[in-house]
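Structure provided below as structure tokens; questions to follow.
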């Protein structure tokens, strides 16, 4: 099989090893890029604090998890301050429940909440230098915590994230006088993405000096840029004699554990921010001799429309 | 009619189909780009939550609507908390009005407001674990809501948005030894836009194999970049023999439902952020054989000045 | 006089009219760019709200003015709420001063402040639905105002602004086998600017068909980029036979009201943000046959150092 | 020794003097770039306020120092307000401790804290116009301070900072048919860096007209860009006949006080922000005829992995 590459040298070189290196263990048939675009690799040996990485985690975790963490922190820190007041003794909060230690803990807890949130009804108020100091610290920590939460919330909001849906399967199908490898994408958000660029690679295991080596070949796309992306986009690599896929069979793709990483960049118009998306198709996620179903229709307002739910629908040719 | 394009291949290709596709239904004579630059298309089939898209909506709605939503949320959530206190019973807020259930609801509502905003006068304060828990939740939700509102407000502020005014009509007018398609723009904000770039297209219906197809032709501009944009700018496409508009008559433009999408990018100097603006002129928004009125004058401080209100003014040649 | 330009066509074209247009009134000898880089032009006819432009003003005014405006707003809005309480009547704030209307106004004012800032001591608290509603509104407006102030403060902080000091005078001085137009710049902030690029123009009045026209000629610089800018930078345009300044005398510069606009871009490393700076030298801000004093020295830690205070110092050759 | 440079003229010129100038004092053998990437230079003569530069300092200081400053400010300003209340006199805070001046100061201090943080229990509340004014100012300053702290915290969070670890020593080692200068880097954060570019220079003292001059030579890298950076990267400059290092001995490097500044740019994917990192190797930080230890392994999930702790490990060839 002959491999030619006809894009410019510079672009090619950039994509040559993607930063993964070409080393492969014999038994490793794992994919390089997960479907969600994350790398299927591990960096070990980072310090405990780095691997904890609270800020990065707080930014990238889901909203449910984020809110849960905030509530947990709120309850724990107020419980801690309540314990401090319990430690100082009942007389530090005149007017608190006259019952047992548990009743006082709950009163102290609610007093702490009132201080932490700076409500400060005043039904309870601290007596003595120690209690006053703890209450001052509680209010101070409270305000800074909410400042932090504000900052984190905004940071989460303003993160440039594209949510591109990729069709479940790529297809190899007759195209013009040859065949083509195609996949479809759509924007799953209401925001507009503009100036999209897409790159697709063909990664496969090869024999080199008796060792398994993973090599990367960029695939030329019929169209690798669009100015706007209002509906959906079918990305096409024509398999002609210049393509590294020319003559490759279904079975060969399986033997070489072929993978097709996809890199997408664009600009989110809401904030004029660059966004990146990645995904990859493996040999077993490619359907042969089918075509994608039509997604276009004209709605009742006479507008061009695109039914995103049909993105992954395929039909036999 | 002969169509030549003399700009570079690369730039041309980028603009070839704009991501709309070339499919046209026979009856659709709708424009592609609305005057305000939004796309006249629809993406259907997105999930309910996505089509709700609260964050994107809160960022892009008008300030009136945004403030109205905030006030509405404030009133509703405090009404909810008031209902919770009503549910717990009158004894949970000692000192509240001794009248009927409605009076107590109002007292509970104002108490909730005092807690939600963390004012906490203390005239009323919660009694019992349940009432205290509800009050704690109210203060917590209140603070986070204001944190969210702060974040949203800043996000709205910091969004890079250019407000470019386009003259109401484009004109086709004698120019040098030929004629030209022109339109005028001005910056409607006080901020400075720099490094402006502009692209203009000629989109029209064509017959292809008996089907209607929409094709796009980039138009060369006499000047497609300016470093500064302190006053206004008249953008000019010269209709010479290299222009796809060469020899096209008014009637032809109407028959082919011609549309001239315009894409503008620049940098907002206040935040050094890239900004994008779009608009489009349809065949019926083009005046023939008129010229734009002069907007320049020298003001009393001897400064070059530009009267923005004259932007759309035209005169017969 | 012969004018040649030997930089690339594209770059030249970008700078051809700077977006000012070439129209000049006979009497106007005003500069185009003020020393601080703002444009000496006016856009009139913008709507009242646009010309008010509160957000842009609040972002770009000085910190003194910004803080003054905040204090003024704080005092006025609380005075307004105090007036509302006065309107409702004394009985709405039990415990307020028993004196005259002025005493009550002051009590109402301080109560309003306590509510607006959400301190809410509770010594005074509102009685009745009307007073409670006004107090609720006061707390709500207060919180949103501080949210707004927070957002504005951060927006002011995060604005990418370079503070470049330009030497007071440019100089024309012997250089290699010819002469050169030079000026010196330094970074007046502690942050690092990197990847600086600089452009310099020669703008002058010319006769064209009996009318005064202002034309712009880019000047080639011996060095128009630096990767780092840790100390200072002397920017040099060599006046050889390719320079539009070749053979131009001091008197000619005066007659043609010559001006040398300077455009500088770079990246502020603190936030990796692009920054822009502008200035301009007029014919009367150019010294002939002098040189800049040496600013380099080696400090006691053996570090290269640069004495910024000498930036404008010149010596006779 | 012959020095050839075979990269493009433009890129070369950019790196020619790095903005340091080529002036060298005889005694100065100090490095240009510190290991942490900061410049080993000084800009003196800036105004007191500029050299104080509170905002830049608050943004770039460590989190420990930042938090310490916030606590210090909080304590000092409340002590100031407490002094103001002490100045007004005991009667301004009815209910305060009846003891001596010190007891009253502490009560006033805690009252100030309660006002500053807007807790406002109401156990103490100000009496009289003067005390009320001071309390109002305290609440106002308090809220703005926390607004500022919020803004600063978010600004610190959202700063684009790469934490690249550079191997302790660069190495010169046999490579293909010649030798090579190499160093290894890894990303010490959990975030992904993409589109990394790297530049390396060879800076050395030369004799020119009997004076010491520092010259800069860019070094061609076998690979100066990677699209992804999931694991680590060994950067290689091949010392062939085109290299300015061709034939240079260990001793020569020492005599010419050779230094190898390294400039790295990339994009932090979390915020799609450009990031910069710098470092430099001196002649005495280069090991000859060793190689880096292998960092790759395959973990139990069959993923490619990289042990970051081995980054600086070297072995004899």
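Read from first to last, the chains carry the letters A, B, C and D; within each, the first residue is number 1.
Methods note: contacts are C-beta pairs under 8 Å (C-beta built on N, C-alpha and C of every residue); 3 or more make two chains touch, one makes a residue touch a chain.
What you are looking at is a predicted structure, and each value in this text was computed from that prediction instead of being measured.
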Pick the pair from A-C, B-D or A-B whose contact list overlaps the A-D contact list by over half.
A-B
Where chain B and chain C touch, do the two copies share over half of their residue numbers, giving same, or under half, giving different?
different
Of the pairs A-C and C-D, which shows more C-beta pairs in contact?
C-D
Where chain A and chain C are represented by their mean Cα positions, the distance between them in whole Å:
38
Return the distance between the CA-based centres of chain C and chain D, expressed in whole Å.
27
Where in chain B do residues touch two or more of the other chains?
114, 118-122, 150, 154, 158
Per the touch rule, the chain B residues reaching chain D in their complex are 118, 120-122, 150
List of chain D residues in touch with chain C within their complex
13-21, 23, 25, 27-30, 39-46, 50-51, 53, 55-57, 59-60, 114-115, 118-122, 124-126, 129, 132-133, 135-136, 139-140, 142-144, 147-148, 150-152, 154-155, 158-160, 263, 273-276
Which residues of chain C touch chain D once you look at their complex with the stated criterion?
70-71, 74, 106, 110, 113-114, 117-123, 146, 149-150, 153-154, 157-158, 186-192, 194, 196, 223, 225-233, 267, 269-272, 296, 298-299, 301-310
